[in-house]
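Here subunit A shows up in two complexes: once beside subunit B, once beside subunit C.
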Partner chain A sequence: MDSALIPKGVKRCPLPQFGAALMIVSAVLLWGVFAMLLVWFKGLNQTNMNNAYGFALWIWADLGVIALGGGAFFTGFLKYIVGKDELKNIINFAVLIGFICYSSALLILAIDIGQPLRGWFIFWHANVHSMLTEVAFCLSCYFGVLCIEYLPLVLENRQIDKVPFFHNLSHNMHEVMAVFAATGAFLSFFHQGSLGGVAGVMFGRPFGFREHILIWPYSFFLFTWSAAACGPCFTIFATKLTEKIAGKKLVKDNVIELLAKISGWMLFTYIIAKIIDTIYWANVTAPAMGFTLMDFYISSPGSFYGIWILILEVGVCGLVPALILITDKGRKTPALLWTAIILASIGVLLNRWVMVLQVLAVPVLTFETWNMYFPSWQEIATTILPIAYGIILVMISYRYMPIFPQEAELNPIEEPETAVTQDTEAGEEAKQAQEAELAPAKG
Partner chain B sequence: MFPFSFEWVWDTVHVVFHGGLWYAMSIMGMGMTFCIIKAAVDTYQGKGGHH
Partner chain C sequence: MKEAQGHNKTKKFGMVIDLDKCTGCGACMVACMAENNVSFREDESDKQLSTAWMRVYKMTNGKPFPDADVCYIPRPCMHCEGHGGHSPCVSVCPATATDYDNNTGIVSQIYTRCFGCRYCLAACPYHARVFNWWDPVWPADMEKMLNPDVSVRMRGVVEKCSFCYHRYQRAMEKAHYEERHEIEEDEYQTSCTQACPAGAITFGDLNNPDHTVNQLVKPDNRHGGRPKNPQAFRLLERLGTNPKVYYLSSREWVIRAGDNYVKNENH
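Right after this comes the complex of A and B.
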């Protein structure tokens, strides 16, 4: 029914099957929308945020999706600025993932600010001494860049591309894409970093506070570094998951391996820097503020914020995937590659959790106790909402846009022999009939 | 915020913060304007009508 919209040379599932899958995910989306409307109409009393937790699940989700969406800027940087041309075969999907992640981040922020009608205040009445202002500026601008990067994909839809103006527009946008990619890399560097900088400058929260280089705390650089390392891992994960669901190969192994290798070295160097930062923080920064390392962790076994969380983040979800990805065998073995990209994605999410929520949980004053928080169902539903929205956008984009340039080559459609024969016979008959019609005229 | 807004102060942070914002927005705006105008001119000249 919708075959005219599907890209040439590729096969998609029947429309009813696609529609059914879409409806299942849409049900989850509607649940999230319902919770979102509750928050907008009734206010932030729908959440379990309190005086201790001004930042909660939403801000973690925000930082998490921004880090996972880092694959878009870093892959774009590698393709357009560094010149890794092989990555052209995955850049479309990286842009799509980035677009989903950043639009989700903006949606979550629109819910979190409680009064979205005043969202523009941050641009017009900007507090120029706040790192979050820089985040808001760069995040919004970078979302604009992602829209510009995503637009040519939409314009390349089979039917839209038939309109000469849209065809020319898409072509022209591809021509100047390097300029947009460079702008995106610049904006991403600063907003990824400033998100880390927010925790790093809070001297009243010794768990997050870090030493500085000029005005930038170490966490500024670590956040950018981790996003550039783990973002591409999530792009690979999403690609592999799409391949599994579609039941076919969509990107050649050499492309995945190149991105995995670069990502692996980024992750390896990041984790070394993170270990050095942690040692310095535990031995110099925190003691200077009157704390020992174990003051930041609950010592009783099975505690939510035990020292295990640091070991899990840095060791299991940092060092292990890095070591897998930097080895040729690790990248080429599917099970190991899957393990590495999943661990790296969990690792960066865990890092953001620690830097947002553990910072607020740790008691600072002597009479304080650990602040614990569990999100309300409205917070959980609105956090799941972007996942459902992302799945829907991937489904629609994959079905109607040329997201994977190598798909047709990797999955050639074989015409059934009988159909070809029938077509040929029908063609011959039509030709003979046409000749017979023309014969009297010739005569 | 623009320099003609009453909140504006001519200091380094305002210039750096807002300068960066306008710079990024200008690149995007000019880039898209260029693409749209060139697409319109190309279409007028009959390019891209291969379908």
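Right after this comes the complex of A and C.
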């Protein structure tokens, strides 16, 4: 029914099947929208946050999706700036994941603030000393860049592409994409870092506070580093998951392995830096404030933040995936690759969790106890909302846009001989046209 | 010239709370709520959701009878100076909705500019900042008793102790009307100070040697306002927040409880 919209040379499931799946995910989305409206109309009393837990699930989700969406800027950086041309076969999907993650982050922020209609004050009354100000500016600008990067994909839809203006626009945008990729990388280096700086500058919170280089706390650099390391892992994970659901290979192994290798070395070096940072913080920064490392990790009634969380973050979800990804065998063994990319994604989410929630859980006043928090259903629903939204966007993009350039080549359509010849020719034509469009960018 | 005439002298308003005198009666909290139009809910059992500007904490020395001892700690906003006015909350606010006034040392909160991101809440180690989780609602006829000098706050913004700044404005207006450039110590006092039946709270200009607060703690401005009086201390001194609320106690365990120390470390 919608075959005219589906890219040439690829096969998609029947429309009713697609529609049914879309409806299921949309039901989850609507649940999230309902919770979102409740929060907007009734206020943040719909959450389980309180005066001790001013930052909670949403801020973690914000930091989390931005870290996972880091695959977009880093893959773009590798392809357009470093010149890793093979990555052109995954860059579209990386951009899509980034677009989903960053639009989700902006939506969550809009839900999270107490006075959503005043959200623009952050730009109008900007405080240059605040890390959040930098986050707001860079995040918004980078989302604009992601829109520009995502637009050509939309324009490559078969029907839209027939319009000469859109065809030429898409072609010309491809040509200048390196400029936007560079801009995106620049902006991302800063806002990813600023998100790390959010906790790092809080000198009233010894768990989050870090020493500085100029105006930037160490956590600034660690956040950028970890996003560049784990963002591509999530891109690979999302690609692999899409392949599983679609039941076919979409990206060649050499592309995945290249990204996994770079990601692995980034993760390995990040973990070394993280361990050094932890040692310095535990032995110098925290004691100067009257705390020992174990003051922050207490598994007692009222706290579940035992030392296990640090071991899990740095060891199991940091060092282990890094070691897998830097070895050739690890990257080439599917089970190990899956393990590594999942662990790395969990690791960066765990890091964001402790840098938001554990910072607030740790008692600072000596006569206070650990603060505990469990999110309300409205918080959970609004956090699941972006996931449902992301799945829908991936579904639509995958069905109607040439997200995976290697799909047609990897999955030739088996039909009657004449049709096969025609389709193969069509696929070849499409491939050649695409390569011709990308050629200037390669140069 | 202005200095010579005593104009625009930089003030640093601060508070000294004698913990040996505090009985934990809570009169300071009540007075603060009434003076500053602090809203309350029918069910105030969850203190983490209360909108209290002044909160009295209870702490014990953890020893069994007969050595057990109790101390109550009233905790207003500390009006931290940090380093050069960069208090923990002021420096993080993305919309400049909170500011450090170098003329008075008071940390202000602009309710109509705050958009409720709560970064300041997270940054304040004293939990002095509270968020308006609900719309403020007062029982019938109680709205008529609201203080006309203090604006009520709407849902979704952060508020905190202002050291009864409206009283300072009123005192300055009166002084101006009487063609005076300075106000007397007793002309500007916070409501909690005046309400304390035990006289545990003292308020004044820490920069003015004639004021009682200065004499009580003898702040050393060369070292971030640290008290020279050995019985005076500030909460979480080691964090570098440079607060302007000082506490007095003759009890060693109380002074030590004011900050964190690693094992076997002396304060």
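As a convention for this text, the second predicted complex is superposed on the first by the 411 of 443 C-alpha atoms of A that agree within 3 Å, B and C clash if a C-alpha of one lies under 4 Å from a C-alpha of the other, contacts with A are read in each partner's own complex, and residues count from 1 in each chain.
In this text, a contact is a pair of C-beta atoms (placed from the backbone, for glycine too) under 8 Å apart; a residue touches a chain by one contact, two chains touch by 3 or more.
This is a predicted model, so every value here is computed, not measured.
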item	value
Which superposed partner A:126 touches (first subunit B, second subunit C, both, neither)	both
First (subunit B), second (subunit C), both or neither touched by A:205	second
Partner chain in contact with A:216 - subunit B first, subunit C second, else both or neither	neither
Contacts of A:171 with subunit B and subunit C, given as first, second, both or neither	first
Touched partner set for A:145, first subunit B, second subunit C, both or neither	first
First, second, both or neither for A:291, with subunit B first and subunit C second	second
Partner chain in contact with A:366 - subunit B first, subunit C second, else both or neither	second
Partner chain(s) touched by A:162 [first = subunit B, second = subunit C, both, neither]	first
Contacts of A:187 with subunit B and subunit C, given as first, second, both or neither	first
Greater residue coverage of subunit A in the superposed arrangement, subunit B or subunit C	C
Doubly contacted residues of subunit A, that is, touched by subunit B and again by subunit C	124-126, 129, 133
Residue ranges of subunit A in contact with subunit C within the complex	43-45, 49-55, 112-116, 118-119, 121-122, 124-127, 129-133, 136, 198, 201-206, 287-292, 295, 359-360, 364-368, 371
Residues of subunit A defined as touching subunit B within the complex	123-126, 128-129, 133-134, 137-138, 141, 144-145, 148, 161-162, 164-169, 171-173, 176, 179-180, 183, 186-187, 190
Residues of subunit C defined as touching subunit A within the complex	46, 48-50, 57-59, 73, 82, 86, 88, 91-97, 113-119, 121-127, 129-135, 154-158, 235-236, 238-241, 257-263, 265
Subunit B to subunit A touching residues, read off their complex	1, 5, 7, 13-14, 17-18, 20-21, 24-25, 27-28, 31-32, 34-36, 38-40, 42-43, 47-51
